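Labels run A, B, C, D and E following the written order; every chain starts at residue 1.
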Amino acid sequence: MQRVTRDVLVQKAISLLSAGTVDRVLGWKAGEFSYDVTPYVFKDAEALKADFVFDDFCGANFSKYLVKECGKSEGKVLVFLKPCDTYSFNQLLTEHRFDREKVYAVGIPCDGMADITKIREKAEGISEITAEGDGFCVKTLYDGDVKLTKEEALAERCLNCKSQKHVAYDELLGEEGEVIDSGRFTGVEALEAMTPDERFAFWKGELSRCIRCNACRDVCPACTCEKCVFDNPKSGVENKAIADSFEEKMFHIIRAFHVAGRCTDCGECSRVCPQNIPLHLLNRKFIKDINGFYGDYQAGEEAYSRAPLVNYTTEDIEPADAVKKGDGENA
Amino acid sequence: MNKKAIRDEIIHISGVNPKKCMKCGKCSGTCPSYNEMEYHPHQFVYMVESGDIEPLMHSDSLYKCLSCFACVERCPRGVEPAKIIEAVRLMTVRQQGANHLKSDAIPELLDENLPQQAIVSAMRKYSK
Amino acid sequence: MKVSYYPGCTLKTKAKDLDFYLRKCAGVLGVEVEEIENWQCCGGVFTTASDEIATKLSSVRALSEARDKGQKLLTVCSACHNVIKQTNYQIKNDADFAARANNYMQQDVPYEGEAEVVHFLELLRDEIGFDAIREKVTDALKDKKIAAYYGCLLLRPGKVMQLDDAENPSIMEELIEAMGATPVVSPYRNECCGGYVVLDDAKSAEKKSTAITENAKTMGADMIVTACPLCKYNLEKHDQSIPVVYVTELLAEALGIKEGV
Amino acid sequence: MSMNEFKPKIVAFCCNWCSYAGADLAGNNRLSYPADVKIIRVPCSCRVNPMFILRAFQKGADGVIICGCHPGDCHYTSGNYYTRRRMALLFSMLDYLGIERERTRLEWVSAAEGAKFSQTMNEFVEAVTALGENKRLEDLRCKE
Amino acid sequence: MQRVGVFVCWCGSNIAATVDVKAVAEALKAEPGVVFSTDYQYMCSQAGQDMIKEAIREHQLTGVVICSCSPRMHEATFRKTAESAGINPYMVEIANIREQCSWVHKDIPTGTEKAIILGRAAIAKVSLNAPLTPGESPVTKRALVIGGGIAGIQTALDIADAGFPVDIVEKKPTIGGKMAQIDKTFPTLDCAACILTPKMVDVAQNDKIRIFSYSEVEAVSGFVGNFDVKIKKKARFVDETKCTGCGLCTEKCPQKKVPNDFNLGMDMKRAIYIPFAQAVPKVATIEADYCNMLKNGKCGVCAKVCTAGAIDYKQQDEIIEEKYGAIVVATGFNPISMEKFDEFAYNQSKDVITSLEFERLTNAAGPTAGKLLRPSDGKHPETIVFVQCVGSRCDACNEKGKEYCSKICCMYTAKHAMLTRDKYPDTDVYVFYIDVRTPGKNFDEFYRRAVEEYGVHYIKGMVGKILPEGDKLKVRASDLIENKQINIDADLVVLAAAIEPDKSARPLATMLTASMDTNDFFTEAHPKLRPVESPTAGVFLSGACQGPKDIPETVSQAGAAASKVIGLLAKDKLLGNPCVAGSDEMMCNGCSSCERVCPYGAISYLDKEFRMPDRTTKVRRVAQVNEAVCQGCGACTVACPSGAMDLKGFKNNQILAEVDAICR
């Protein structure tokens, strides 16, 4: 259950539209099913009243949409940003990917978003999902009402939420939250504690399911390249589909490397993966290593900060020690 | 304890790295108790570093340091000789029966104006 | 303003004046002094050894009490000030020590160096301001030539104490000037008086302390002012020809609130 | 020497100013190392893109080593510092994926260190030979 | 498709002994694109080169692969060969089959197999080579020297001597720097002014040199050969073109209480002043903070007495813009503040002075007209203590001092001690030292003379505390050799203060994108082999801005910097290294990652309009590489996630092709 309601957001959007502050609104629109929500650009009050939704399925991070949306007209675009979205927002700003002047950002609180895939594992034939207290009530075609707790329904990234604090906005709805000391690295630590053979088996199992649909890349706010190296025939590594058994691993390692130090850990990659590959475990490994090797760094926390991979100190750890350091911590 | 173990222990409890010393002698140049000492601040640093600690532990110099910290304040290399001297002193008084100041010796040292802190600190500095 | 106050043992016995006049002056200067409950002796000397925990716990206890009240911790005895400030510094800068000390203490909220330790002189300079004092003083000290004696404990180690420039301090001279008297700057003001060896090596203590009093006299001082009971004892013991007074007592005199004046 | 003995394929990226010159010096001094090592010259170790390393493994290399100037001695002042960060993260990631960490290495070799170059290559080849053929990066989904 | 020719060299038996060169040439014939392959005994010989040229013409080769010794040996040779045969020199690749093959492998099968693979990799690379032309940029034939001390003066004179115009920017009213304040120079003891002032006059009279005194560099843009510099000429309230330097105003000015910085505040000057008699330019300057006329409009004496009409109370700061081909940094040094070393009582006694103050005290033009008198009471000091290493050689955690050795103190202290004993034999002179460091020509001899002939007491130990008592300075120190603490009643104490770069250096380095070390000394391009060049092309280093230096070292470095500048300015055009980075604008995201890793500041950004497939236009931020500044390291290429940034001559697909060829 979100503490901020759809009506409050619609009202805010309409007032900003009518005041001329913005000329369009980036929002969520209901799809075929109530839990099937898609981003949409609203241009007037009527459309907002009719189609704007905000509920526990509005997980999409709008920051990336600003790259394309900004500059489409002279006016500003209104964007609603959950705390984690604001980190991506700052990161994109750092990389000059949109014009800050063309955006009006409203920070909204977030109580965690549901993961439909997780819910589907518990309940088949879903007809309706409603928030109920701290959890959810799922109406199903076959099993009647299925009650799910928060832990059962919320996305992994929300259960390990790293911040309730907005790091960028023009206006904030509701109270400001705090940065959370989350347990988001436990998954990485569990893998690190395995033997290399176990780790290899794990990743073989996960990555071999990849169908190279590129959904992870398309949703990632750090993947905003004009043209991805993997789509570029001139790059020498072009491969739009799996041509050889190695390709998807190359793709995921390189993608994770390209976003290393820039990834805000928004978790969108794992959210959208149709094969449920835990891609965040790759990104979080880099984040954990960066924190451990070079000191804590949260991408997007501060706009225009210097990312760890475009920085150095003369005393940095040697790669050989870096790999060993992993051992020490898990021994 | 062998030489090396004593040396390591002193380095550990003093938190001082005697290798940083460049042997300028400023500590001994500034020490107000220099003339009362058999071994001087720079010698404490050097002798601890070289493991020659036994003579220091048996020397009265341990009790001549005023803990005034002038050497600590002025050392250009951040060596902190006073901490080394204190560590050697502790190594000594922590040994069985090696208290430098015995409590039964105190009464005769007292006068009516002596502030408590003189006794308390002396006990703390010179006894286990 | 309200501050937590750690008087220390000597101030309850041999150095009652130091404590008494502190409270009087603070009252006149609008500072509410709240003696912390159940304080224990600081030990009189800060042991620098990294494995010494127990000797520093009384300081940590006092510090956390001030922290819990959200107040600064006021001290005036140079030794207490030195011990508590150094302990606070170690808590802040030595995570291992902090962890072990907190382990012993078993408090609800571990102490991590949140409290600020201030010496009475710092309080006068930074909170009340010498200008405010200048406005309140009488001309009781007019024509008095006073040498400040800092000793070691207020100033060193300079990195930790941060009370003033450890080699060329001015806080007491500024106060003397604000109190209407004339400061006499003796080069011996931050030389050690040998107070810590007064029991063990009286001869050495005598040598050190008379050098200080002799110089103050040569420089033309009428009296010496100090914040340290041990220094006062030691200086007076070896030279009765120049009075040594506590800084609080002198301030009380300047403010015209000293009994019998 | 048996014909069936495993001969690893090793790609060595060497920066032009230090390590490539170090390799030349090893040659001048006839300090031998296995012929399995093939050197690719790059201007600076910071020119080595992780893609090159993965590509080598993909195409069947059994080990990849990157050599550059010692920290502080980079011809371009700071290139090797970036290399060090990039490779620390990449190698740690490969380790995390279960790929034998002995297959990747970063080594600082100056133009004067012909002996170090030769010794490093001997050690590296030995370590990789002990691991055997690279199967994990060459073919992730090989069904055993 | 490239038409590649392969040339396998035997190098006599150097290669041929372990590599079957014929087999290599034969095997490589089969590689895609190879139309010609041969072997020869010495490819680098005239006959070998002729063979290559002939093959290029006969087979219309577009690419050449030479399997031979290291490219570090003969790459340049073979590039010239190719060029003279009409193909682009960068269409040549070398397979190193000598140093990295025949010399390190023992048997022919192994050597041959590896040589073939190395050849293949070179062929794969050359197939993707493209002709490269080094970028050209014009050179502005004028140099800027920042700082007018002995370093700047020498550099400027040497550059001007080669016929190039030079401007000196000096922030003080006169050039001369620290050397002008020094009395005598070690180890020859000639008078500093006698050797410096003629050089200052040379500068003033040289028609190639302009002096911007009382001026500072405001902004620098551009790159090697083409710097645009803004110089702020501060208002001195005197028209330089009119002032004759007669000095009448400086005698009549009623404001006499202005601390004289030239004498380090040990005496007073007037509000209008000429720093010293031999100043260049010899022009008066008004100290605005002290001038009654400028402060409250009441005075005007200087204007009244000036017969040249040079006084201009309304003068404003002026900005001068000029183009330069090269910039020399010569910002020099200062002694560090003694503020935090008051165990030596510098702030408590006037008779504790720094060595530079001692120089002024002994200088005939100084506050005491060269008589060595104590600042406090003007008495002749009978006992003088010199303290070495004050603030030098401190530990990193010591916030008061510097970690490095200031290098010049041992020698000038020996000089001071010796001169004192020479002039005043009744004076006792003690020098407290940690080490005496005298590596220089005739340096140790000089120090020994101070001890042996002049009877200076050198004591190994350090002063711990100085207590000013009465009119004496009680010096408490250690004598480590005697293992004694000694007390000296001194009349004067001289502190050999550490030296540090001038405060103006840090902001200047930012303007120049020149790198500095943690102590704010400028970093050289290579510590051994390029000591007078900054890593930033076109920026050169002269004197103590790069590290502590004495006068002979400074002058030789100044000359070296000048010769580098002359070498640059002698060129009409700069040919760049064509192997530079370039960004594909269609793919660039403008994310700034490349800019952040570039050690040379070669990357900038441009908002550029692009026509989209749907015929609309879009403005995008894209990276631009300044090819004249780029040195071709390739750091940017890896920082770029989209692969838009690539490095010519070492392109991504070329290296990948080499990888593929090796792993095949």
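Heads up, the rule we're going with is that a contact is a pair of C-beta atoms (placed from the backbone, for glycine too) under 8 Å apart; a residue touches a chain by one contact, two chains touch by 3 or more.
Keep in mind that this is a model prediction, so the values were computed, not measured.
Shared contact partners of chain D and chain E, listed by label, are A.
Under the contact definition stated at the top, the chains bordering both chain C and chain D are E.
For the pairs C-E and B-E, the count of C-beta pairs in contact is higher at B-E. Ranked by how far their CA centres sit from the centre of chain B, the chains are topped by A. Centroid distances from chain D, each centroid being the mean of CA atoms, peak for C.
Spacing of chain A relative to chain E, judged by their CA centroids, is 48 angstrom.
With centres set at the average Cα position, the gap from chain A to chain D is 36 Å.
We define each chain's centre as the mean of its Cα atoms; on that basis chain A and chain C are separated by 57 Å. Counting only residues that touch two or more partner chains, chain C has 167, 191.
Residues of chain B in contact with two or more other chains: 70, 73. Among all residues of chain E, those that touch two or more other chains are 343, 465, 597, 639, 652, 656. By the definition of touch given earlier, these chain pairs are in contact: A-D, A-E, B-C, B-E, C-E, D-E. Of all residues in chain E, only 340-343, 345, 347-348, 399, 465, 467-470, 474 touch chain C in the complex they form.
Within the complex, the chain E residues that touch chain B are 343, 389, 391, 393-395, 397-398, 401, 432, 434, 460-465, 476-480, 483, 485. Put simply, chain E touches chain A in their complex at residues 584, 586-593, 596-597, 605, 618-621, 639, 641-644, 652-653, 656-657.
Residues 20, 22-31, 34-35, 40, 42-43, 70-71, 73-79 of chain B touch chain E in their complex. Those residues of chain D that touch chain E in the complex are listed here as 9, 11, 20-21, 23-28, 30-33, 35, 38-44, 46-52, 55-56, 59-61, 75-79, 82, 86, 118.
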